[in-house]
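Next come the structures, one after another.
Consider the two complexes below, in which chain A is the common component and chain B and chain C are the respective partners.
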Partner chain A sequence: MEKPGGGGVLSAKEAFEKLEKVGEGTYGKVYRAREKATGKIVALKKTRLHEDEEGVPPTTLREVSILRMLSRDPHVVRLMDVKQGQNKEGKTVLYLVFEYMDTDLKKFIRSFRQTGQTVPPQTIKSLMYQLCKGVAFCHGHGILHRDLKPHNLLMDPKTMMLKIADLGLARAFTVPIKKYTHEILTLWYRAPEVLLGATHYSMAVDIWSVGCIFAELVTKQALFPGDSELQQLLHIFRLLGTPNEDVWPGVSKLMNWHEYPQWNPQSLSTAVPSLDELGLDLLSQMLKYEPSKRISAKKAMEHAYFDDLDKRHL
Partner chain B sequence: MSFGWNLQAPGHDLHGVYWSTCDGNNFNNGNRKRSRISYYHGNSNIHNNYWAEHGVYSNVYHFDYGNHFQCDADPLSLKRRKHSSPICENNQKYYLPSTVQGNIPSSVNFQASPTRSNVDTSVSPICKLDCSIFEDKELVFMSRDEIDRCSPSRKDGIDVLRERHLRYSYCAFLQNLGMWLNLPQTTIGTAMVLCHRFFVRRSHACHDRFLIATAALFLVGKSEETPCPLNNVLQASSEILHEQDFTLLSYLLPVGWFEKYHDRVLEAELLLLTTLNFELNVEHPYTSLTSVLNKLDPSKTVLVNLALNLISKGLQSSLWLQYKPHHIAAGAAYLASMFLKIDLTAYHNIWQEFEATPSILRDISQQLMELV
Partner chain C sequence: MAPSFDFASSLLCTEDSAVFDESHNNGGTMMSMMGVYEDTWSPRKRHFDEEPDELPLLSDESLAMMVEKECQHWPGLRCLNKLQTGDLDFGARMEAVDWILKVRSHFGYCSRSSLVIQNYLDRFLCAYELPKGRVWTMQLLAVACLSLAAKLDETEVPLSLDLQVGESKFLFEAKTIQRMELLVLSTLKWRMQAITPFTFLDYFLCKINDDQSPLRSSIMRSIQLISSTARGIDFLEFKPSEIAAAVAMYVMGETQTVDTGKATSFLIQHVEKERLLKCVKMIQELSCNSGSAKDSSASVTCLPQSPIGVLDALCFSYKSDDTNAGSSVNSSHNSPVAKRRKLNKTCGADLL
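Take a look at the complex of A and B:
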């Protein structure tokens, strides 16, 4: 059987010149690199294949096969190629070649926090609209992202263009929604149904994350910065009130449900004081306890909060 | 759902091809039936009687865990190609975007179906020079004739009938292996479709179908969140292929065979990925079939079950390379209704629900009939 990747195709080493390491993921490093043939700057995501002797990691498989479907959208990072190479020990590695983006939303928010400035309301609106549009595109193609957080939202600070990245935890959903792993998603942006052990979940988990990101853009602080699953739930309950069967039918049947301290819901304006009325309304619809009642990404794009936004170039 | 797979076509006794004799129920109680395959453990050669019957004696596949199937040059293919790819590239049948279809005059007799409704046909403002190799690579559907004529295996002297039997054999193997590993039917089905896609691009003469099938099932397990440890997959496939308990295989096979097999499967996984350009998404007709038929009359469970059985049989064919899932669902429903003498035309607009034309229904049901 012939070796994969043979023929006249250039290997990663021949095709690219690594410039610097810009990050590290679960399965390998991310580099800024220059394509030798064109001089174009790209991001190379290196994937080690034989770490656990189980071949290509599932996250890489999902990311590539999903990005094949989604890379047409301007708000999803573009996967340009997949190259094969070898590391120093002669082991096979895969390089995912992405378009290069200068920064991410986490760094963007941090820069405002460090200078003590607030993110301009129109910038927040534009970024949120782009995020909703990207999420709607994913959901429209039957894909849940499952790990939306500022670090996974790439940005071009010059054009204020936002793109969803890191679809390693994403997956296609089917009807009926299957049982999914609940050990996913960075804690701060994790939906309450996931924290409470629901194994059947839907697009609403991404919308919860979008709501948390929205609040963080306004306040420059994480909305629910828990350091354990329990603490995370308590953070949520303190602001939104401890859920019960009235506000969220079926909540007490979830696997991780216990008797929690009883808190009454606070107004969202206490947590996000500088957000206007329409923004608060949208945020409240994104942070509904009952997943089926949470606003969809498509509906969010039509919300009155975005009415005064020039959407022509977004 | 488990099905008995009777894959041997009437009038064809093909030796050296894996025929599943498994009955789904036997896997649940630990009573695993052994399958039949001509593996000669003495020198590990498989002599393929098909070639002997056709007077081609020089094509012998040497099985060894280091190199797997090596092709000896045979009279029908003197020059071994390094990369087999489909010959017919101009005749591919693309499905037109719905925006285009609206402009086609009704007098034109075309057979295209609307694209999936969720495909965004708008052009994103991206410079074409920066185009990703993955962009605009909508799945191409080919006609059965194109698949049969353009298969790379044709250049290596493997005719249509022979290739069809090779297809049945790796499907039977996958069904057996998947059930052995307790994998869901959709995972097994997806692995079958990936193998079909692979062998439309690569020749059977140069690639061991059981190795590719093993890699495909392992790969799909990971991509569809039903992962199976590689060692379990290798162990099960070795037991099935050699008809021996795994503990005995270390005595029967050369030292280090398992490690070599392990490496070969991982190589095959990469080959599959690069050959398929990482296209691992497979839509199955089950959902559209049940949703449409249950909408009509939820009491017709016999019809639904028979149609589901037909779809599962259809996985052995190249239908998934020819038609969209809802068309396959329609063809299966149509054939099932004919078998059961249920008149589905009584239900208004049923075939429109499936977006299927009479010619599509006829063609799919005809191909499914050949498998029954």
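Take a look at the complex of A and C:
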């Protein structure tokens, strides 16, 4: 790691040639860049530290420290370095240097939607297995991602490798996780217990997101595309039935609970018609209302849906 | 000085406010002790609306991974040696630790936070040489470590000005703290997911209780003991898993609910038996308030037992004045308007 003010060490600006801006991360811009010394293509996530603000942003701190803990899992994006530099106005800037991935799952699904083709079933199976494996790895290290969505799942379209990225909202759950307010989490992949104001998260919130992504890979459309928290809940209730104390003990005591229209559960096959029986079973276990009943990522990897998948290179 | 754990509770700020209430009602001593602090800062405890959900326990594999990884975050014997030989300023560290405990209490952070902060502090001190003779650098380091821990784990991060509550001689600007934060982060290689005894505690308590959830009182007692190990330096020689195992064994043994031999045979699958037993013995001494005779200049494992002891501890604040002339890091020097008169001229000598 480069020390501040170290003489003779290339600054981040000198070490890399920015090629193009490829996005906005949780905090700051992301560039495709070439490392001049090696010619290697990397992703640079730039975070400016405003001196009138409160130092290193919490999202950057969490992302880096968590990625330090999760280093070298093939299904979590690799953080290669953290460099400190200064921009033109002399302000301190941090550059997170990541391995570069050509695309993400959101773009991947969109490309199939545009051509009218379906994603090949074995491709779906492979991507889902890798996702479960990456999530199992995070959970095994006591890390919740909390913002799993297609945009945060990077892909190499040549090898069909998938990697989990953007851990700026991730949390260690080996400490009591307190209530979070004013969280800006993508609605479509948000677990019902979060929407209903549960004050404590568990690993199950990530599994719900995985289930939503699974369905989206099959249909190329979001499973629950709500545009407000209430609409998000109603989308869920229309398909899975309005929950009650029988299917989800404790649900009526959650903070945001009130009277909702009463829907009966529909079969998942109505929402994901082309998924086979084993896939539907796995999906249903990912979308259980009661968080403790939701399948774990590790158990999901063992599900029969993946039996015929060649896992040797995954 | 024998510590009072009622007093420890009020300072170490156990998560359960009911415990604090009980301590508070234990008599005039506690009332008068709390009165000591009213003029300088007001502890503000957050109250949780609901019973916390049970945490997901670490799986057996996760436990093994954490034990393997904890050495990356453990200051260890190297740090202990530096403190004992005087390479590190023991007194300044003690002062920083005391300040951390007070601020943590003020903001109502859970006990784990203070261990995380101290983990950062000790790892940094082992890896980086702060300029000698400038006591403000230790204070700045403590502020930066507190700020980083708050950002990492807490949902509400106070402004850097508000972080500097309590009786501190220096008040640092946000940009100064930022620069120290970056120095700490690069020195620790951004490995900030500190593994502390709390990482392992629930797992061990549950396992030696035949996979049943332990009593809440056992959890609170364990939290109290772990927090108490942090103030002195004696426990620095033990890894977090060893401290957690020893505390779990001691607490469950104390309640007579488990077979000690059975607990030992389980725990030594994860920690070395000799070190476990040594640590249990030290926990026992800490708990019984009867530490064996120790060189008081080398370590302090007891908390002040009386208001006079508290005031003695506060005397650290007035040991020396320092100027920041020529410093490479800017700071705002904020002297107390009315300097508190020293109660005991020898308080520093007694402890250093």
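Simple rule for what comes next: the second predicted complex is superposed on the first by the 296 of 314 C-alpha atoms of A that agree within 3 Å, B and C clash if a C-alpha of one lies under 4 Å from a C-alpha of the other, contacts with A are read in each partner's own complex, and residues count from 1 in each chain.
Just so it is clear, contacts are C-beta pairs under 8 Å (C-beta built on N, C-alpha and C of every residue); 3 or more make two chains touch, one makes a residue touch a chain.
Every value quoted in this text rests on a predicted model; they were computed, and no experiment measured them.
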item	value
Contacts of A:P74 with chain B and chain C, given as first, second, both or neither	first
Contacts of A:M203 with chain B and chain C, given as first, second, both or neither	second
Partner chain(s) touched by A:E99 [first = chain B, second = chain C, both, neither]	first
Which superposed partner A:F137 touches (first chain B, second chain C, both, neither)	first
First (chain B), second (chain C), both or neither touched by A:Q84	both
Common ground on chain A, meaning residues reached by chain C in one complex and by chain B in the other	1-4, 49, 53-58, 61-62, 64-65, 68-69, 82, 84, 92, 140-142, 172, 174-175, 180-181
Footprint of chain B on chain A - complex, ascending	1-7, 40, 49-50, 53-58, 61-62, 64-65, 67-69, 71-74, 78-82, 84, 92, 99, 137, 140-142, 171-172, 174-175, 180-181
Interfacial residue positions of chain B with respect to chain A in the complex	67-69, 82-83, 118, 120, 124-126, 130, 132-137, 206-208, 211, 218-219, 222-223, 225, 227, 229-230, 262, 264-271, 273-275, 277-281, 287
Residue ranges of chain A in contact with chain C within the complex	1-4, 49, 51-58, 61-62, 64-66, 68-69, 82, 84, 92, 140-142, 172-176, 178-181, 199-200, 202-203
Complex contacts: residues of chain C adjacent to chain A	15, 48-50, 52-53, 55-56, 58-59, 61-62, 65-66, 69, 110, 112, 147-148, 151-155, 157, 159-160, 174-175, 177-179, 181-183, 185-186, 189-193, 198-199
